[in-house]
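The two complexes that follow have chain A in common; it is paired with chain B in the first and with chain C in the second.
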Partner chain A sequence: MSPDAANGSLDAAEQGEDPAPPSRVFRKFLSIIKHASSILLTFIGLTAITFIIGRVMPADPVLAIVGDRASQDVYDAVYLQLGLDKPLIQQYLIYLSDITRGDFGTSIMTTRPVLDDIIRFFPATLELATIATFFGVILGIPMGVLAAVNQGRLIDHVIRIIGLFGYSVPIFWLGMVALLVFYAALGWLPGPGRIEVYYDGIVEARSGIILIDSALQGEWEIFWNALHHLVLPSAMLATFALAYIARMTRSFMLDQLNQEYILTARVKGLSESAVIWRHAFRNVLVQLITIIGLTYASLLEGSVLTETIFAWPGIGQYITTSLFNADMNAVIGGTVVVGFCFVGINVLSDILYRIADPRARE
Partner chain B sequence: MNMTFKGTALAAALAVASALPMASPASAGTPKDMLIMAKNIDDLITLDPAEVFEFTGGEVIANVYDRVMMFEPENLSQLVGGVAESHTISDDGKTIVFTVRGGQTFHSGNAVTAADMAFSLRRVVKLKKTPSFIFTQFGWNKDNVDGLIKPLDAMRVSVTMAADFSPGLLLNALSAGVGSVVDMKEVLKHEKDGDLGYGWLKNHSAGSGPYSLQTWKANEIVSLQAHAGYRHGAPAMKRVVLRHVPENSAQRLMVEKGDADMARDLSPDQIRGLSGNRQISVGDYPKAALIYMATNNAHPILGKDKVRQAIRYVVDYKGMANSFLAGQYKIHQAFWPSGLWGSLEETPFKMDLAKAKALLAEAGHGGGFSIVIDTLKKSPYPEIAQSVQASLAKIGVKSQIILSEGKTLWPKYRARKHQLIVAQWSPDYVDPHSNADAFAHNPDNRMEAKLTGKLAWRTSWENSAINAMTEGAAKELDLVKREKLYLDLQRKVQMDGPFTVMFQKSEQVAARRNVKNFVSGANFDLVFYRTITK
Partner chain C sequence: MSSPSESTDAGLKAWLLSDTPHSVTQARCQRLYLAWLAFAANPIAMLGLAIIVILVLMAAAAPLLTGGDGTEQALANRLQPPNGEHWFGTDELGRDIFDRIIWGARITLYIVGLVGIIVVPIGLLVGTVAGYVGGWVDIVLMRVTDIFLAFPRLILALAFVAVLGPGLENAVLAIALTTWSPFARIARAETLTIRNAEHILAARVQGASTARIILHHVTPLCLSSVIVRLTLDMAGIILTAAGLGFLGLGAQPPLPEWGAMISTGRQYMLDQWWVATIPGIAILVVSMGFNLLGDGLRDVLDPRSGGSS
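Let's look at the complex of A and B:
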C-alpha cells in the first residue's frame, strides 16, 4: 500500500466522481482500531471477571494477611485498609484506575508490588515455555510429517504411541520419574531449582532469564548450570508440546496428502520431498501456526505441576499459591499477564498467517 | 519416500542431539560451612517480628533476632535472659525492671541498648498487628505504652503491667516473637509516613541474633548470613539457606543426593523409605502443635454434654497414631502440650463405641443424626476426618466431610458456622495461659462480642467457673500453685469442653549424617540454626 494510492482515491472523491471504496490505509486503520478495541475489551472483561471471582469466593483476603487468630479489631482495621467496605463496583473501578497507572497493588504473599513479582516470576516461565515449544516444534513437526507420509506403517505406529504417551501420561508422574532416573539414579542432571544455591545472587537480574543474564555478564559457569537445570523441566513440557504438535501435524498432513492436487503433483513427476514439503506442508502451515501459538500460550500460563515438582519459581506456581492464599492482587495481576500473552501470541499468529498464506494478506 | 524418511529422520535426530545435556556431574554435597534446607516456605508472608505469626516466619526471626527473654537451645526447658541479662520484679508483681546485657551488637554494628528494647516492645503495641494481642492483654495500648514501658537509663528498662497478671506470664510472653529486639536506629532510618519501619522490616532484618537476613525471594529462597559478633560466638554455618521445594518427594531426592542437608517436610512414608540409607539420619522433635476436634455448642444436638462425651469415645486414637500418623503424631488429650511446664499427661479417652452409643441414647439421640465435618485439605486432616466419619457411622451418626483450604475454612470457623471441625492449634508463646486463653476463656458469648481469636468463643462455649479458673491461673504469683491450677483447668476442659484434643505433633527431619546439633524446640518459633555443625 503506497501513500500515492491513498492520495489518489482522496483526489477522486474530491472531484465529485463516484465515491470510491474506502482506501486500504483507511481500512487498515479501521482494522487496527477494531483490533485495539477488542483487545481493550478483552482486558476489561478479564480483570472484571477475575476481580468478581476473587471477591465472591469464600476465601477471605483479610485472613490471608492477619492469620486466623487475629482479634476482631485487627481484622476490622485491615478490612477497612483494603477498602472491602466499599461497594464492589467502586472497589473494581478503584482497582482499574490503579492498573492504568501501572499499579497492580501489593502482593500479600511476597509483600512486594505485584508488578515486581511478575517481572521476577514470568521470565522463569518464559524461559521454560520457549525452550519447550522450540523442541516441541522442531521434533513434533518432522515426527507428524513422517507419520503422515508413512501412514499405517511401523514408524507411524511408533510416533502415534509416542504422541499418545506424551499427551496422556500425567506430567506429575513423568516429572518425578525423570527426577528419579536422571537426577537421583544416574546423576546426569541437577535436581530441582533454576540454579544451584551457591550461584544465587551472583548474576545481576537484567532480563530475569538466567541464560541470557549470565551469558551477557560472561558468567559461563552459571550459564551451564542454569542450562542443565532447564533440561528436565523443559523436557517435560516439551514432551507435552511435541505430542500435541506431532498429532496435529499428522492429521493436517493426512488431509492434504489425500487431495487431488497432490496426485497431480506426483503425476507431474515432482520429487516426493517437493510434493510433501513444498505442496502439502505449505498448506498446513496456517493451521500449524494456530496450534503452535496455542501451545506456546498455554505453556506461558505456567505449568503448575512442572513448576511445583522442579521447584521452579514461575508464574503458574505464583498464581496458584496466590489463589490458595486469597492474594487477589497477585492473582489478577498474573491473570492479566497471561491474558496479555494470549493476545500477543494471537497478534503474532495473525502476522504469520499473512506471511504463510497470500490470501490472508488481502 | 525413502529419501523423505531419511531427511526427516536426520532432522529429528539432530534436534534430539541438540537437546541432550552436556555431561554434568551432579553436585557432591554442600559446602562445609553452609547449610541448605529443602522446605516448603510458601507460608512466609512477613519477617517483621511485630507481625510474624506463621511457621516459617517464626523460625526465621528466631534466628535473626534475640528476644528479651529466651529459651536457649542448650536448655529448652529453662527461661533465661536473652537481650536482658537480668530482671527484678517489684513487690506488687506489676513492674519488672530489665537490665540489658552489655557488649551486644546488632548486625549493623550498633550497640544494643535499653532504648532499642523499649522501642521494640512499644512498636509491637503501636503497629497493632495480629500477634500484638500477646502484649495488649497486659493492658498496654498505643496511648499508655510509652509511659508503661520506658528506658530508665542506657541499659535498664522498666516494664509495668496495666492489667492483673502474673509476672511469670509476662516473662514468658517476652520470649515470644514479639519480644524480639530490633535495631531502633536502623529501623527508623527506613521509616516512611510514621510506619515505624514496618514497610521496610517486612523483608529486611535489623536484629542482634546469630544470623542476618541476606535475601528473601518469596517462593524461592531465604538466605541467612552468620553474625560474626553474636554474643554466643559466630555460628559454625556461615550461611543458612531455606530453599523452597514445595514437593516433598523432590525434597527427599535432594537430601538423598546431598544437594540439601535437610528435608523438612517429609511424610511418614518417605521417612520410612529413608530408613535403610546410611547417609541419612532422621531426628524426632516433639512440637507443641495439637490436632483437635471442636463441636459447635450452638448446634442443637452437638451442644449437649452427653453427645460431646460420646464423640470423645468415638475417636480411634490408637488406630490412627499407629498407622498413618505413626512417627509424626502421638496421642495427647489435654489443651496444653506434653513436655512443657504445666502439661497434663493423662489420656482418659480411648475408642469405646458401646459407651459412645449408650451416651447418645442417654442424650435422646440413640437413633443417630447427621452432621458435617469440616477440615483442611492437606494431610493428615482428611485421613483423620475419614477415620472419625467411619467410627461415627458405627454409632449411627451420618457425617459428610467438607475439605477446604485454610483461608476458606477459618472464616467459617470464626463465624461459628461449623458443626464439627478438625483443626490444629499451636501456642503463641510458651506459657499455658496462651492455650488456656484460647480453649477455656470466653467472657462474652454474644455474637456481637466477636472474640474471634478465642476457640471457646468460636464454639459458642461459655462456662463462668472455667473463665474464673483461667483468669485466676493467669494472675497466680506462686509457681507451684499456678501449675496446679492449670492441671485442674485442663482436666475440667478435657471433660466438659467442646474440644476433643487428639494428637500432638512430632517433627521428623531427615538430615545428612554429617549434620549435627540441629535443635527444634516445642514451639513453632523455637528452631535454632546457630548450634548446627557439619
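Let's look at the complex of A and C:
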C-alpha cells in the first residue's frame, strides 16, 4: 500500500514540473484499466482454483456431486452437463459461464439450487460478522491509541496482553468456555442458536437478518431474544477483530507520533489531545480503512468455527455440514461465494483508501 | 576454582565483542551474539522462547515423561477429574490427558515443522525469481501469489481437505497451500531492494549465472524476514490445524491432536470441563509463545520496524 502511495506522489511531482493534461488523463485511464484487469484476473484465478478442487482433483467428480446412491440416469445426466467428455479447458469455460449465471448446481443435501441455499444462509453470517466488526472497531481503535500514547506504561502492557490473547486463542474453544460460563453456569445468556425455537418462523424473512426483520415488523420480544443470542458468538468474533485492530492501530499510531510534524505541532503549543486526535489520528484513520476491511472479510470466513459451536445457521455451517455429507456442489459454491466476498471487500477498502488518502489518488 | 572457566568466558566474550574480527566466522558469531544480546534483553520475547523450548523438550522426551504413547485406554478410569495420579484428569476412554497433551506436542510440532519446510522454499523460490528476473515472469508469478493471498485460508483448506479426504498429512498440505503466498511477497520485496546492490552486480560481472545469484546471493538476504514472518505465522498455522482437527478433518483418532481432543471433549463440557478445557489452554499457550517469539525476533532482525510493535 505505502509503496504505491509513494509512487503516486512521485508521479504527481514529476507532472507538476511538466504540465501535460492529456497524458495525465490518459495515465489515470490506464491505471484504472490496470486495476480493473487485476481484479478481474483475481476473480478468474479464484474460479480456476475452485475448478481444480471440485472437478480435477476428485477421482470421480460426478460421484462427488451426485453421491453414491444416485441412479445411472442421474449420473449420466450430470456427466454430460459437466462436459466431462470434453477437454479440460472447455470444461472450465462451461464452469465459468455457469458461475457467471449464478448456477452452482444442485445440492444433494437440500435438493435445492446451491445459490438459493447460500442466499438463505448468508444473512446470518453477515449479521454476526457485521456486529463483531462494529465492536472490534469501536473498542479496538481507542485501545490502540491509548496504548500508543502510553507506550511502555502499564496500560500499554495490559492492552498488548489482551491483544496477544485475542489472536492466540482458538476461537472455537473460547466459544465453548463462554457457553459453559455464561449459559450453563451463570444462566445469564441463552445457549446456541439464533433465536428460541418457539419464536422460529414468526417474523417473515425479508432481509434474512432477524434483528432488522423483527424491528421492522414491531416484534420487539423477538428482537430482544435475537439480540441476546447474538451476544456470545459476536463477542467471540469481536475478540479477534479487537485484538487485530488494536494491534495495528497502536503500531500505526507509534509511527505517526515519532514523526516530525507531531513535534512541530507540540512545539507550536497545541494541546496533547489536539496533537493526538487531530494530527496523528487522522493519518492513522486512513490506514485503518484497509485494516477494517481486512478484518471484516476475515470474519466472514472466520465464522466457520464459531457457527459450528453456536449452531448458527450461516454460510460457514452450510459449508461444513455439506462437507460431511460429501455434497461437493455446495462446498465449492459456498467457497466461491465467500472467496468473492473476501476479494470484493478488499477491493472496496482499497478504493476507499485511495479516495481518503490524497497521496494514493493518482 | 572457578577462575579458569571465568577466564575462558572472558576470553570468549572478548572474542565475540572485539571491534576487529579476524575471520568471517568470528564476524558471523559476533553478529549472532549481538542479536542474541538484544533478544535476551527483551523479557517478553524470552518468555516466548522459553515456551517453545519447553514444547520441544516435551515432545522430545514424551516417552520418558509418560507411561505409554497416549492412546492406552483404561475404561475403569474414564472421566476422572484432575487428581494426584492424573494431573489433568482422564478422558472418555480413561486415557490420561496429561500424557495426551505431551504426545500432542509432537503432532503440533510435526504440523508446524512440515508446513514450514514446504512453505519457505516455495515462497523463497517464487519471490526471489519474480523479484530478480522481473518482467513477465514477475507479473505472472505475483498474479498467482495474489490469487492465493486473496483466498480465505480456512475455507480453502476446508475445500482441499474435502477433496483429499481428512487426515494429518492432507491437513498439512491444505494449510501449506494456503500459507505460502505471503512468503513469496516478502521474498520479492526483499529481492527488489537488493537486486541492484553492488555485491550482486559484482557477482554478475564475474559471470555468475542467474540461478547461482538467486540461490547464493539473494536468498540468504531474504531469510531473516522470512523467518520472522514464519514464526509469527506459526500461531496461525497451529490455530488452523486445531480448527481442522476440531471439525474432524485433521489428525484422526486415536491420535492425541489438541484440536480433536477439544472436539471429543465438547460433549462432556457441562459435567467434565477438563476434557475440552485443558487442550485448549495448551493451544493458547503455544500459539502465544510463537507470537511472543516472533515479535521479539522481528524487533531484533528487522531494524526497520524499530520495535514499534
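By definition in this document, the second predicted complex is superposed on the first by the 273 of 362 C-alpha atoms of A that agree within 3 Å, B and C clash if a C-alpha of one lies under 4 Å from a C-alpha of the other, contacts with A are read in each partner's own complex, and residues count from 1 in each chain.
The criterion applied here is as follows: a contact is a pair of C-beta atoms (placed from the backbone, for glycine too) under 8 Å apart; a residue touches a chain by one contact, two chains touch by 3 or more.
The structure displayed is predicted, hence computed values, not measured ones.
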**OP:** Using the touch definition from the top, say if A:P58 reaches chain B (first), chain C (second), both or neither.
**Re:** both
Original post:
First (chain B), second (chain C), both or neither: which does A:L189 touch?
Top reply: first
Original post:
In the superposed arrangement, which partner chain does A:L352 touch: chain B (first), chain C (second), both, or neither?
Top reply: neither
Original post:
Which touches a greater number of chain A residues, chain B or chain C?
Top reply: B
**OP:** Answer with first, second, both or neither: which of chain B and chain C does A:I118 touch in the superposed model?
**Re:** neither
Subject >> Touched partner set for A:L180, first chain B, second chain C, both or neither >> reply: both
Original post:
Should A:I209 be classified as contacting the first partner (chain B), the second (chain C), both, or neither?
Top reply: neither
Original post:
First (chain B), second (chain C), both or neither: which does A:T308 touch?
Top reply: both
Original post:
In the superposed view, which residues of chain A touch chain B and also chain C?
Top reply: 57-58, 64, 176, 179-180, 184, 308, 324
**OP:** Give every residue of chain C touching chain A within the complex, in rising order.
**Re:** 143-144, 146-148, 150-156, 158-160, 162-164, 235, 239, 242-243, 246-249, 259, 262, 266, 269-270, 273, 276-277, 279-280, 283-284, 287-288, 291-292, 308-309
Subject >> Complex contacts: residues of chain B adjacent to chain A >> reply: 1, 3-5, 7-9, 11-12, 15-16, 19, 21-27, 30-31, 34, 36, 42, 45-46, 53-54, 128-130, 132-133, 202-203, 214-215, 217-221, 223, 241, 243-247, 249-250, 253-254, 256-257, 259, 404-408, 410-414, 428, 438, 450-453
**OP:** Provide the residue numbers of chain A that touch chain C in the complex, in ascending order.
**Re:** 38, 41-42, 45-46, 48-50, 53-54, 57-58, 64, 164-165, 167-174, 176-177, 179-180, 184, 247, 250-251, 254-255, 258, 297-298, 300-302, 304-305, 308, 319-320, 323-324, 328, 331-332, 334-335, 338-339, 342-343, 346
Subject >> Complex contacts: residues of chain A adjacent to chain B >> reply: 57-60, 63-75, 77, 107-112, 117, 120-121, 135, 138-139, 142-143, 145-146, 149-150, 155, 176, 179-180, 183-184, 187-193, 196-198, 200-201, 224, 227-228, 231, 235, 238, 271-273, 276, 308-311, 313, 317-318, 321, 324-326
